[in-house]
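One chain, chain A, links the two complexes that follow: it is found with chain B in the first and with chain C in the second.
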Partner chain A sequence: MEFLINLILLLFLAAVTIGIIGVRNLFAVVVLGGAYSFLMATLLIAMDAVDVGMTEAAVGAGVSTVLLLSALHLTNTEEAPAKHSNVLPIALSLLTGAVLVYGTWDLPRYGEADTAVNSYVGDEYLARSIPETTIPNVVTSVLATYRGYDTLGETAVIFTAGIGVLMLLKGRRRKEDEDEEEERS
Partner chain B sequence: MRGHLILRVVSKILIPFLLLFALYVQFHGDFGPGGGFQAGVIVAAAFVLYALIFGLRATQKIISPALLEVAVPLGVLIYAGVGVYTWLMGGNFLDYNMIDSHDPSHGQHLGVLLVEAGVLLTVSSTMLLIFYTFAGRGR
Partner chain C sequence: MEGLNELAFVLGGVNHWITVFLIMAGLYIIVSRSNMIKKLVGLSIFQTSVYLLYVSPGKIIGGTAPIIIANAPDQMYSNPLPHVLILTAIVVGVATLALGLALVVRINEAYGSIEEDEVYSGEDWN
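Here is the complex of A and B:
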């Protein structure tokens, strides 16, 4: 049953991806991107990664769709037709895809118990988290306590992204406003 | 979107529940899925919805861009401040056991709460600020 659900979700995912490649209207691409994120979130929940699924639904399907739409508001809604031949990019992406698929052959099977991920650090966290921190959700205790340093870094990354957008867009708007005022006077 | 009566009414009903759900995700992060990052995005989404329906200017009256520009670094400072505090109390950086010298598990809970509050502040205000800057251009 779980295999069937995963299969259907992955098929939908592939269909949406092909749709994103084929459609020229950027508005449709953004909406399909939101659908992709929702499917991805459902897949992550099917894999019992509820925290990640929730983040994917909120960030991928929610906020980034809105941000892309508001960016679209500033540009054309139609993708410009390609100026060069598509053969080289298609060959390159097929090659990269083939290398990635080849790489998955060496990965352990999903959910296998005796992999490195499930046997050393993961076990240790599961065994020590609740006695040491008394936080029932191990994901939160790993995120905020054991790996608090990394989460501080992530927060700093978001801070940097915000400052970056602000520096790129806000300064220019002020200059345009001044130009308009000069034109009026 | 002045004329869309249904959208306005429905979003007015939805927004309080969105914010309440964000608070649930924030404070229930110790026990269930969620935490500062997810809650911050939900808070930002609630205000983005308000801005889409009632206009950017009305939203900026509630939360001004100047306020957001203070909130973005403040969240990081709260997070790093907890680390510095545990340092000063004689522990390692971000060693929450040091927050409460009598009951380390209480210190852990308080530390996670404060750190998640910092994440919430930075994430929600950054998302909203990016939306403001994008939506404010082009008109």
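Here is the complex of A and C:
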């Protein structure tokens, strides 16, 4: 049953992705991107990653879509027809895909418990979370305590990106003001 | 018996292979399209498929979300570590997207286009 739900959601994801490749109207692309993110969030929840699913629904489908829509408002909503041939990109992605599929032969099969991924650190966190931090949600306890510096670094990245966006868009406003002054004089 | 094993192998691999397909699609959009917003959407698809690549090996069939249930010592839980790593990756992803879009808006102002070809051809480097 879990296989089946997974498979259906994954096929939906693949279908939406093909739609994104084909559609030329950027507005439609952004809306399809939102649908993609919600499907991804559902899939992550089906894989027991409830915290990740919730974040993906809020950040991926919510914030990203709003950002893309506001960028579309400031630019252009129609994509120009392609000028170059698609042969090289298709060859490149097929080559990458072939290498990655070759790599999956060594990956553990889906859903097994006794794999290297699920044997060492994960079990340790699960066993220690309640005695050491008293937090039942293990993802929270790992995020905030054991890997707290990771989260600090993440905050630094957001801070830097926020400053970058502000500086880029601030230059824009100044230029508009200058244009207006030129028009007046 | 042999056939059953092969079926389990294929079913267990489907997750990885569709993830690989999503990675290929994201890469294809980034390389082939000259529209910068579409490139950024492709980059997002690439990023989200990496989430799948991380989270799916941590899933245990018969397990549940890693929130400890009191008085259930035999309950199996999925691996919490990939979830933590991917939480960080999602937030960094949206930061990258925001910065990229701000750059696209500025490029559109400077060159009047968000198509890479037109930006390259109509350039006046000063």
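In the analysis below, the second predicted complex is superposed on the first by the 185 of 185 C-alpha atoms of A that agree within 3 Å, B and C clash if a C-alpha of one lies under 4 Å from a C-alpha of the other, contacts with A are read in each partner's own complex, and residues count from 1 in each chain.
Here is the rule we use: a residue touches a chain if its C-beta (ideal position, glycine included) is under 8 Å from a C-beta of that chain, and two chains touch if they have at least 3 such contacts.
It should be emphasised that the depicted structure is a prediction, and the values quoted were computed from it without experimental measurement.
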Is A:Ala156 contacted by the first partner chain B, the second partner chain C, both or neither? first
After lining up the shared chain so the two structures overlap, which partner does A:Thr55 touch, if you call chain B first and chain C second: first, second, both or neither? both
Could you tell me if A:Tyr110 is touching chain B, chain C, both of them or neither one (first, second, both, neither)? second
So in the superposed three-chain picture, is A:Asn76 touching just chain B, just chain C, both, or none of them (first/second/both/neither)? second
Quick one: classify A:Val63 as touching chain B (first), chain C (second), both or neither. both
Touched partner set for A:Lys170, first chain B, second chain C, both or neither: first
In the three-chain superposition, say which chain, chain B or chain C, touches more residues of chain A. C
With both complexes superposed on chain A, which partner does A:Asn137 reach: first (chain B), second (chain C), both or neither? both
Footprint intersection on chain A (chain B / chain C) at 50-51, 55, 59, 63, 67, 70-71, 74, 136-137, 139, 143, 151, 154, 158, 161-162, 165, 169
Touching residues on chain C, where the partner in the complex is chain A: 8-9, 11-18, 20-29, 31-35, 37-38, 40-42, 44-45, 48, 51-52, 55-70, 76-88, 90-99, 101-106, 108-109, 113-115, 117-118
Footprint of chain B on chain A - complex, ascending: 50-51, 53-55, 58-59, 62-63, 66-67, 70-71, 73-74, 132-137, 139-141, 143-145, 148-149, 151-152, 154-156, 158-159, 161-163, 165-166, 169-170, 173
Chain A partner contacts - residues on chain B that touch it in the complex: 25, 29-35, 37-38, 41-42, 44-45, 48, 52, 69, 72-73, 75-76, 79-80, 83, 93-94, 96, 105, 108-109, 111-112, 115-116, 118-119, 122-123, 125-127, 129-131, 133-138
Complex contacts: residues of chain A adjacent to chain C: 2-3, 6-7, 10-11, 13-14, 17-18, 20-21, 26, 29-30, 33, 36-37, 40, 43-44, 47-52, 55-56, 59-60, 63-64, 67-68, 70-72, 74-76, 79-80, 82-84, 86, 88-90, 92-94, 96-97, 100-101, 104, 107-113, 115, 117-118, 121-122, 125-126, 129-130, 136-139, 142-143, 147, 150-151, 154, 157-158, 160-162, 164-165, 168-169, 171-172, 175
